[in-house]
Amino acid sequence: MGQLVERTAGVGAGLATEDMILNIGPQHPSTHGVLRLRLVLDGERIVSAEPIVGYMHRGAEKLFEVRDYRQIIMLANRHDWLSAFCNELGVVLAAERMLGMELPVRASWARTMLAELNRVLNHLMFLGSYPLELGAITPIFYAFREREDLQKVMEEISGGRMHFMFNRVGGLKDDLPAGWLDRARRTIHAVRGRLADIENLIHGNEIFRARTEGVGVLTTEQIAAYGLSGPIARAGGVDFDLRRDEPYLAYGELGDVLRVVTRKAGDCFSRFDCLLEQTRVSLDLAEACADRLAALPQGPINLRLPKVLKVPEGETYAWTENPLGINGYYLVSRGEKTPWRLKLRSASFNNIQVLGELLPGHLVADMVAILGSMFFVVGDIDK
Amino acid sequence: MTTESEQQSEQQPQTGPASSDPQREPRASRDFPGMGLVKGLATTFKTMTKHAHTVQYPDQPPELPPRTRGVIALLEENCTVCMLCARECPDWCIYIDSHKETAPAPPGGGRERTRNVLDRFAIDFSLCMYCGICIEVCPFDALEWSPEFEYAEFDIKELLHEKDRLREWFWTVPAPVALDPGAPDPKEMAQAQKVADKRLTAQKAAEIVALADGGAAASGQPERSGPGRSGPAGGAEGDG
Amino acid sequence: MPQFPDAVSNQNMTNWFLGSFDTHIPWWFILVVIKAVAAFAILVVLTLFNIWYERRVVSFMQMRIGPNRVGPQGLLQSLADGVKLALKEDIVPTNADKPVFWIAPLLSAIPAFLAIAVIPWGPAVSIFGHWTTLQLVDLPVGVLYVLAISSIGIYGIVLAGWSSGSTYPLLGALRSSAQMISYEVAMGLSFAGVFLYAGTMSPSGIVNAQQHGWYFYMLPLSAIIYIIAMVGETNRAPFDLPEAEGELVGGFHTEYSSLKFALFFLAEYINLVTVSALAVTMFFGGWRAPVPISLWSGANSGWYPMLWFMIKLLIFVFVFIWLRGTLPRLRYDQFMAFGWKVLIPVSVLWLLVVALFRQLRNAGDLDRAHAVPIGIGIAAVFLLLVVALEVRERNQIRRTPPPTVPDYEPLAGGFPVPPMPGQSAPAVPRRPQFARTAAAPAPALNGTTAEEASTR
C-alpha cells in the first residue's frame, strides 16, 4: 500500500482525487500462487500495471547444471506442474538429438499419447479455474472429475499423478501395463462425453460471455512482439502450433487428426473457447495414438543406455508445444555427465509479460478475467 | 521471440487446409437471450439428482495401481551397501551407514571374506521428490515402490524414516503388473526363445543333411521325422 | 418442580405461569415478547440450517457429499463452525478506525433481525388461550419499513469497508453501497405494482388480498424484477460483487475475523431469509396454502400456514443456492448498467401498464373481454421491441467489415518487427538463393534444424 498522505481536498478546482496503489498478490486468490501485480488504480480503472515476478524462483536452470540427465527430468517436470510430462519431453528430446538416438516406434507413440493426455489434464484445470475466478464455483468440480479419471490413467502407467517422471533418455521408463490402452480409451471416451457438461454450464452463459467477450483483446502485433504462444496466441489469430509446423514425436503422422484450433477475436472468451476446443482435439489425438499403439508390432519402448550417460559436446535447441505454449530447452554440453548449460524458455514467462500492456484501461474485475485467461502457472514464470 | 513469429508467418501459406476454424463462430449464431443461463441451471440441477463422485476417504480407501509411487520400501536383506541410491538421489535424502565385517575362512580352506553390514538406512521423506531414481538404480532390488501413503506426521522431522519402518513397508509392495502385448518379451523368455530357435534351425539343417544322405536309399520312411522333431522342442522347454 | 393443575386448560396454565411473576403484566406484552423471542430463535436456527442447506445442495450440484459428519446428516455442522468461529483470534488492523470497526458488524446484523418483524408467518392462532396473529407487528406501512431497515444494513457494510483502513475492503464497500442503493430503487418500483393491486402497504393486508390468486400470476414482471433485485440486495451470487473473492479477496469483510466476521455472516443469511420471506409475502401468497392443498378447508387456519410459509421460504432459499452454484459473477459496471438501464426502466413501464389497467378497472370501463386483447396488444409491442433490438444487433454483427491487412512495415514503431499473418516479408534482393527459399517457406522451415533455429 502506498504511504498515507494527508491531503486537503477541494480547494478551488473541484475534488482532488488520488490514484490508489493496489497490490494484487503475492498472495491473492486469482493469481494461483505468488504472482504479484502492482496496479495503479483510478477508482476501479487500472492506470498502469506491472507484473512483479520471481517470488517462486527456484533456480531451476542452475540446478540443471549439477544434475545428470535422469535427475534433470525430475527437476524439469516441476517448473510447470500442470504439464509435467511435456516438460520432461523437451529435455529428453534435446539429449536424444545430441546423442543421435533413434527412438523406438512404440516409445514415440506412447510419448505422444501421454503428452496429449497431459495437455487435456492441463486444459481441464484452466477450464475449471477460469470460471471459478469469475465467480462460478461449480465448473471446477466438473473439470476435476475428468482430471481425476485421467490422472488415474496416468497413475496406472507412470505411478505419479502430477510429476510423472516417466520419460527417460531413449524412451519411457516402463512399458504399458496390460489392458491399459483399453482403459485409457474408455476414459477418453467418458471424458469427451462429459465435456458437454462444462460447456453447457459455462460456455454459453450470458454472464460469462459478458465478462469475457471483448475484454482483454490481444492484437496479433502484441502477440508477435511479446512472443506469446500456445492457446493464447492462437486465440488471437496466430496460426502457429509446433505439433504441426515442426512435428516432433509422432505428430507428423497425425496430420489428419491434429486440428490447430484458432480464433480471431483475441479476447478472453476466445482464449477460453480455444482451450475448450483444444481439449477435444487432444482427446482425439490421444485416442488415435492409442489405436496406433494397439496395432504396432511387439517392440521395445526404450533403449539400453550406458551406465554413465554422457552427452557429446555441442548444443541444440529442443522446443515442444506445451499445453501453455512453447517450451524450449537450449542444451549446451561439454561432453560431461551434466549439461554445461540448459536454458529454459518457458511459456508462461513470456505470456504474462504482455499484462503490463494489456491491463491498463480495464477495470479491476476485468483484471481477474484477463489474468485467468492468460493461463499461466507461477512455477513456469519464475522457474 | 523473433524466431518464433518469423516462423509462424512463414508458415502461413501452408496452414490453409490443416488449420480448422471452429465449426461454430461464437458470436455469429446467438441463442435466445437467457438460454445460456437456463442451460447452466439445468446442468447443475441434473447433477444434483445424481450420485456424488467423491468417496468418503478414511471409510473407503482408494484403489491404487501397483505402480503408484506412495512410499519407498526397503528390503534390508538385499542391500549390499553399494551406495548407488544415495549417490544418484537428486536431493541426497538417503542416509546410509555401514561397517565392514570379516567372516573367518571356512574350515575346508580358502580365505576370509569381508562384507558390508548395513547399520543405518534412512530416507528423509520431507526432502524426497518421489522420482524413483534410487529404485531404478538399485542393482539388487532392495528398494521398491509401495502404494502406501498414510504416513503424514505433525512434525516435519518425523518424516525421516529408518530402515525398520522402511522394511515394514516392504510387505505392502505389490507384484509388478503384467505388460501390454506389444511389449517385448522378458529377458529370460527372449533368451530361451533364442536358444530354441537356434536348436530348431540346427535340427532342420541336420534333417536336410540326413534327407539328402539317405534320400536315395530310404525315401519311404515317413515316421522318422516325428521323434526327430520332438527332441529339440523338449530340450528348449528344459532350458526355459 | 411445581405441580401442574390437573385440568390443564390453556387458560389455567397461563394463569399459573403469570402467577409466578406475581405482577400484572398486560397480555399483549407477554405475547409480543414470546413472538419476538420466537422470531429471533427462528432466524438464528434458520441461519444455521441455511448454511448447512447451502453447503449440502451446492455439494450435490458439484458431485460432492458435503458436510455429513457433525450430527445427523451433518446438520450440526454450522453450529460447530459457529463455535469455532467465535473462539478464533480477533484481529483488528492497526490502520483501522477502532470504534467504527466495532460498530459496523452490529450495524449490519441488528437491522437484519429487525426487518423480519413485519412478516406475517401465519393467520391468527391461539397462544395460551389468546388469539393473536403470527406476526410481531402489523405496521400499516410494513413494506416501507422493511425497505428502510434494510437500507440501514448497508451502513454496516460501508463503514466496515471504510474503517478497515485497507484497499480491498474499501473497494468492496464502495461497490456495495452503489449496488444496494441502485437495486433498492428497482425493488421499490416492483412493490408499487403490488400496492396498486392490494391497496395497502401492510404485509398482512397484502397476504389477505392474495386470497383469490397470487400476485405472481397477476404481476409476473414485478415478481421477476423483485427476485432479481433481491439477489442484488443481499449481495449473493451472481451479484456478490462486494465480496467477490476472486478480485477483492473478501470485499468489505476482508479484515474481519472471529465474532465480528460471524456477525456479517449472520447478517447475510438473515437478509437472505428476510428477502425471501418478503418475496413469499408479496408475490406468492404469504402463508396461504398453494393450490392443491388449499382445496382442503383447514389448510389456511391454525398452525399449518406457518408450514406452508416455511416451505415456500426454503424453496426461495434453494433458488438462491442454485443460482450461486451455477452462475459466474457479473462485472460491477455491467451490474449497475443492468440495474439502471434494464430493471428500472422496465419496472417503470410495467408500473405504467399496471396503473393503466387498475385505473380502467376501477373506473369500470374495462371488463374481462377487453382486458385480454389489450394485454395481448401490450405483450405484442414488448415482443416486437425485443425482436427489433435483436435484429438490429444481428445486423450490426453482419455489417462489421472484414479486417484489412496493412502492408508490412519492417520497422513499425521504431524496432524490427516480424511480418503478421497475411503479410509477407519482402525478398532480400542481394541474395537470390535466399529469396528462393523464402518463396517456398514450408520446406525451408522443416529443413531447418533446431540448432539453426536457435541461432537465427
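When the chains are written out, they are named A, B and C in that same order, and each has its own residue count from 1.
Operating definition for what follows: a residue touches a chain if its C-beta (ideal position, glycine included) is under 8 Å from a C-beta of that chain, and two chains touch if they have at least 3 such contacts.
These numbers were taken from a predicted model, which means no experiment stands behind them.
Counting C-beta pairs in contact, the pair that comes out ahead of the other among B-C and A-C is A-C. Farthest chain from subunit B, judged by C-alpha centroids: C. Here the chain at the heart of the shown protein, by mean C-alpha position, is A. Averaged Cα coordinates give subunit A a centre that lies 27 Å from the centre of subunit B. In terms of their C-alpha centroids, the spacing between subunit B and subunit C amounts to 55 Å.
For the pair subunit A and subunit C, the distance between mean C-alpha positions equals 37 Å.
Residues of subunit B in contact with two or more other chains: 5, 7-8, 11-12, 14, 27, 33, 37, 40, 43-44, 47, 53. Subunit A has residues 138, 142, 145, 201-202, 205, 207-208, 224-225, 238-239, 245-246 in contact with two or more other chains. Counting partners per residue, subunit C has 61-64, 325-327, 418, 420-421, 445, 453-454 as the residues that reach two or more other chains.
Subunit A contributes residues 1, 4, 20, 22, 28-30, 44, 97, 131-138, 141-142, 145, 201-202, 205, 207-208, 210-211, 220-221, 224-225, 237-239, 245-246, 315-319, 328, 330, 363-369, 372 to its touches with subunit C in the complex. Remark: subunit B residues 2-3, 5-14, 27-28, 30, 33, 37, 40-41, 43-45, 47-48, 50-54, 56 touch subunit C in the complex.
Interface residues of subunit C facing subunit B in the complex, by the touch rule stated above, are 57, 59-65, 322-323, 325-327, 390, 393-394, 397, 416, 418-425, 438, 441-442, 444-445, 453-454, 456.
Across the interface of their complex, subunit A is touched by residues 58, 61-64, 95, 166-168, 171, 237-238, 240-241, 244-249, 324-334, 412, 417-418, 420-421, 445-446, 450-451, 453-454 of subunit C. Remark: subunit A residues 67, 70-71, 73-75, 78, 106, 138, 142, 145, 148, 152, 155-160, 163, 165, 173-181, 197, 200-209, 213, 223-227, 229, 238-240, 244-246, 255, 258-263, 265, 269-270, 273, 277, 293-294, 296-301, 326, 350 touch subunit B in the complex.
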